[in-house]
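Letters are used for the chains, namely A, B and C, taken in the order the chains are written, and counting of residues starts over at 1 for each.
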Amino acid sequence: MRMYRRVGASLRRTALHAGPTILGIVVLNFLLLQLVPGDAADVLASESGTATAEGMAAIRARFGLDQPVLTQLMAFLGHLAHFDLGFSPRYNMPVLDMIMSRLPATLMLMLTALSIALVLGILMGAVMAAWVGRWPDRVLSVVVLLFYSMPGFWVGLMAIVLFSVHLGWLPSDGNMTVGASLHGFALIGDRLKYLVLPALALASFFIAVYARLTRAAMLEVQRQEFMRTAQAKGLHPIVVQLRHALRNALIPVTTVAGMHLGNLLGGAVVVETLFGWPGMGRLALEAVLARDFSVLMGVLLLSSFLVIIANMLIDLLHAWLDPRIGAA
Amino acid sequence: MSVPVQLDQGSRAPARRGRRLRAFARNPAFVAGSIILAIFVLMAVFADVLFPGDPFDMVGQPVLWPGADPEFPLGTDSLGRDVLAGLVHGARVSLLVGVVAAAIGLAIGTVVGALAGFFGGWVDTWLLRIVELFQTTPTFLLVVVIVAIGEPTVQTIAVAIGIASWPTVARLVRAQFRSLREADFVMAARSLGYGNIRIIVQEIMPNALPPIIVAASVMIANAILTEAGLSFLNMRDPNLISWGGMIGAGRDLLRTAWFLTALPGVAIALAVLSLNLVGDGLNEILNPRSDP
Amino acid sequence: MTSKFRTTRRATLLGLSALALPGIARAAPSRGGTLNFMQNNEPQTLVALTTVATPALTVSAKVTEGLLAYDYDIKPRAQLATEWSISPDGKTYTFKLRPNVRWHDGKDFTSADVAYSIQLLKTIHPRGRNTYANVTEVQTPDALTAVIVLSKPAPYLIKALTAAESPMMPRHIYEGSDPLANQNGNAPIGTGPFRFKEWVRGSHILYERNPDYWGQPMPYLDRIVFKFLPDPGARSIAFENGTADIGYRTPVALSDLDRLKKIPTLMFETKGTSYSYNVANLQFNLDSAIFKNAKVRQAIAHSIDRAAIVKTVLYGYGVISESPIAPGLKEFHDPSPSPYKYDLKAAEQLLDEAGYPRGANKTRFKVPLDYNPIGDENRRLAEFMRSALARIGITVDIRAADASAFVKRVYTDREFDFTLNGHSNLFDPTVGVQRIYWSKNFKKGVPFSNGSHYDNPKVDALLEGAAVEIDPAKRAAMFKEFQQIVAVDLPDINLYSPLYLTIKNRRVHDDSMTADGVESNMAECYVDA
């Protein structure tokens, strides 16, 4: 019962907090974007290779780009109140549709990468902590440090050279084989084939982060009182490790993972561009270059929602992992 | 036999400092990292001496493999530019951007975090709101937007990365100040009539420094990685050669001349590695919890 | 450009022959298969009405056709129009339309659609505004005849009627709506050989064969899949491993071409690029303090070795052009209008005379160089310029910007000294070249307008005269004189015209049968089984 009350209180706090935060984010980002030189009409015209003054004026009038800043802001907020994210001049469709079309791809990539990173990272960290000071720890520490230092997109590039160019095992671009209508396992297999390299490129950095955190946290925990108590109780060392050390080590790891989850949308920009992955990161980058601020605001808004939700989930997870926390 | 405990902090200082310096020297991570870092710094400083002239000059036959021509030990790129010269000169941009961006982030973050942590109350609440606002915007996108506002020059890029990275420092500093402001020596200082600024700068800050110093090395590392990513996406200064830019330029030839992307990536990885080693070393030495 | 009388008869003959023998080809084309068409970027819309960006042109023409098609010399062939004639005074164009053509939704294609489309092109098409500016009305005496009436002659108009340039759109879908917002742009209805099937943003566009196409037995392809790969390296890989069948305007990095040419499954096509030539130039801001001085501009003209540019920056895939009119437009191009040949000594002397002697550190002055970020060569060209101008003592500071910032800096704020730029000649100099040199086209904020602020009344008169001159010899003479004056005045320095290649898999045939190559409706294209 107490758990539900804790959850309820936490949700309420988050909701109250979230409203003004999101409003602040919207207003600040909107004003920030006004500082960027040029607008969507410039970009559309320059891509055409031809333009006329009337044409550009027409585009500006159509999307309200010639209005004063405050008017545009008010209009945007007004639309937002009706859950309408506006219309994209670049893609010629409603922003919400645009974002929804790219969201699944990003979620698939990021969640896969984070999952791989969590599993591998925690595993490596646990191994390093269990054999601390001996050669498995040393070797894995070097590996982890390397992953931590290599730029993710470079790992991706090298992976393309090896697996795509020289071995020809995996594709280097896109997220599906177009035009082929596949079903069932063939479909899953096809998607996975495209997912492997980008997910690994993205995960490399996170694996290192989680491994280091797990190792540090487990070592820390091992020094504490209750561990000695558990060992004195005669519990098998592996049980001790898993149930107590690991569980407590999960707290800092999940905190950081939660922060990464929140950074989901922007974090994959470079990898998505490299692999031609049709995700939100690439969409946001294209939106900046095309000065399509409607889409960019939509992405930023979604990102802030995600951060808030991620923080909420982490709080709940912590309350479950360590009952002492929720009681505070 | 008991040894009399010395309560006077002043006289303990030199001995403690000496012990610390020796601790630095004994830590293998710190030593290794420092050596590698020193090599890169020297490369950056003496780039013009080692490879005089413009690294952008088309000096050789295009796309020579490393070792094919002794004059170009690491080969040439698609326009016949010397890869080794590029790597050495590129160290300048990467390190410079890294250090400046980290400095900016540290400066802003420390001030904000100190104020928030020390004063608490509504100052804390509002500053924390601002920190949250920045943290909910995806960092890389924020950098891209700021670079789009200005021009893609090294100065703008460094400022952009600095502005995007201060929130992490702020949180860290805030946590430090929150725990330290209740410490004994602070209360002592207050009872002596020291003003707030003096307490913050002279009393708390020196004690809050260790994690900030560790964070500094991580921030430089991250700034270098972010700059590499930006250069790869073509948001780089066209007048200065950088490692990320070399990777971006070499991408067209991924099939035949993959060394053009591999070598600069190795340089980045090594530089960032050295910074992380230094950071790890510093963490072990300065962080009291790791004392055996 | 033949005279109006000969056009009539020859055109009629050609038009009728096109009716009888579609795909005048060799061995019988095999039916079926999918063509994987690779583009650099995703188009913004699927009908080239509101935009003329390259990706949109290709996808538009396969579904939405035009009145005419053109052979490699830009001589007209029938498409939706079977006969055409121009009156002796050049002000009346009569088109006989193809009978029994239906839109993809089953309705009939009639002259009312033609009249409506031309009006629409005149009001909102980026180039249509100028191309059809002289159109006063489009008469439709019967359902299969359309007559375009002009207030003044427009000698370029007969060349403007390809599917990609002047798409014929369904009146019943557009009428009464806001054409800019009309969703037809996302799911087009046309008369073309292919029907729209699906568009998954960020991934692909799928077109399927139109079983009721007027040009039976065409189209031969079952399906066309358009994919977008913004990365040139990824495109190379796609060609090599066969996931891409065709791509145009040299879709891979120039440095990769030599390697790709050794791959036996690939073919390199040079035809199909004659509808729209590009010319790259170095454009001066004549209001800039440094470049208002003609001697400085002449010095720079003397210091540019165009042959070296084509060799190093373009890897040889380009043709030198001292003129803004591309060498490909043979009847107008002047191969040597410029009096300023490559001569570094003359350059140095002119700079000394202009009041910019070499200073203590051997340099004369420092100046920023901008470049149009669209396309990959301009950055390398900028670096080349930097080296070239360093040799005569000018220190160049390259400024990068994305497309929007570039437009703002060069055209809106005009805060530049000189910039690398490129313009498409399109199918006629009046349409593609006049806009750069005509003083009346100095419009702040509009890209590809008269960015240098060039104002020469003689040039204005020549251009305006050529725009309405129906005698081809007189017209060519006007353009020749224009090129010579501009080469002396130097509002810009024209450098080269790139040679574009279409790369395709050997199994693809008959893709580039017209002047606009793969930007046509590709009804004749087929792939081996």
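Note that a contact is a pair of C-beta atoms (placed from the backbone, for glycine too) under 8 Å apart; a residue touches a chain by one contact, two chains touch by 3 or more.
This structure is a prediction, so every number in the text was calculated from the model and none was measured.
Asks: Higher C-beta contact count, B-C or A-B?
Replies: Taking the two pairs in turn, the one with more contacts turns out to be A-B.
Asks: Using CA atom means as chain centres, which chain is nearest the centre of all the protein shown?
Replies: The chain sitting closest to the overall C-alpha centre is A.
Asks: Could you please state the distance in Å, as a whole number, between where the Cα atoms of subunit A are centred and where those of subunit C are centred?
Replies: 41
Asks: Can you compute the centre-to-centre distance for subunit B and subunit C, using the mean CA position of each chain? Integer Å is fine.
Replies: Centre-to-centre distance between subunit B and subunit C: 48 Å.
Asks: State, to the nearest whole Å, the distance from the C-alpha centre of subunit A to the C-alpha centre of subunit B.
Replies: 23
Asks: For subunit B, write out the residues touching at least two other chains, lowest number first.
Replies: 148, 251, 254-255
Asks: Check each residue of subunit A and list the ones that touch at least two other chains.
Replies: In subunit A, the residues touching two or more other chains are 36-37, 165, 273-274, 289.
Asks: For subunit C, give me the residues that contact two or more of the other chains.
Replies: Residues 231, 237, 402, 405.
Asks: Would you tell me which residues of subunit B are touching subunit C in their complex?
Replies: Touching subunit C: residues 56-58, 62-63, 78-79, 148, 151-152, 234-239, 251-256 of subunit B.
Asks: Subunit B touches which residues of subunit A in the complex?
Replies: 21, 24-25, 28-29, 32-33, 35-37, 145-146, 148-151, 153-154, 157-158, 160-161, 165, 220, 262-263, 265-267, 269-270, 273-274, 281, 284-285, 288-289, 299-300, 303-304, 307-308
Asks: Which residues of subunit C touch subunit A once you look at their complex with the stated criterion?
Replies: Going by the criterion above, the answer is residues 34, 36, 44-45, 51-54, 124, 126-127, 129-130, 180-181, 185-186, 200-204, 206, 223, 225, 227-231, 234, 237-238, 241, 243, 372, 374, 402-409, 412, 423-424, 435, 443, 445-449.
Asks: What does subunit B use to touch subunit A in their complex?
Replies: Residues in contact with subunit A: 129, 132-133, 135-142, 144-145, 148-149, 221, 225, 228-229, 232-233, 244, 247, 251, 254-255, 258, 261-262, 265, 268-270, 272-273, 276-277, 289.
Asks: Any idea which subunit A residues touch subunit C in the complex?
Replies: Residues 36-40, 42-56, 58-59, 62, 90-93, 98, 101-102, 105, 164-165, 168, 171-176, 178-179, 273-274, 276, 278-279, 282-283, 289-291 of subunit A touch subunit C in their complex.
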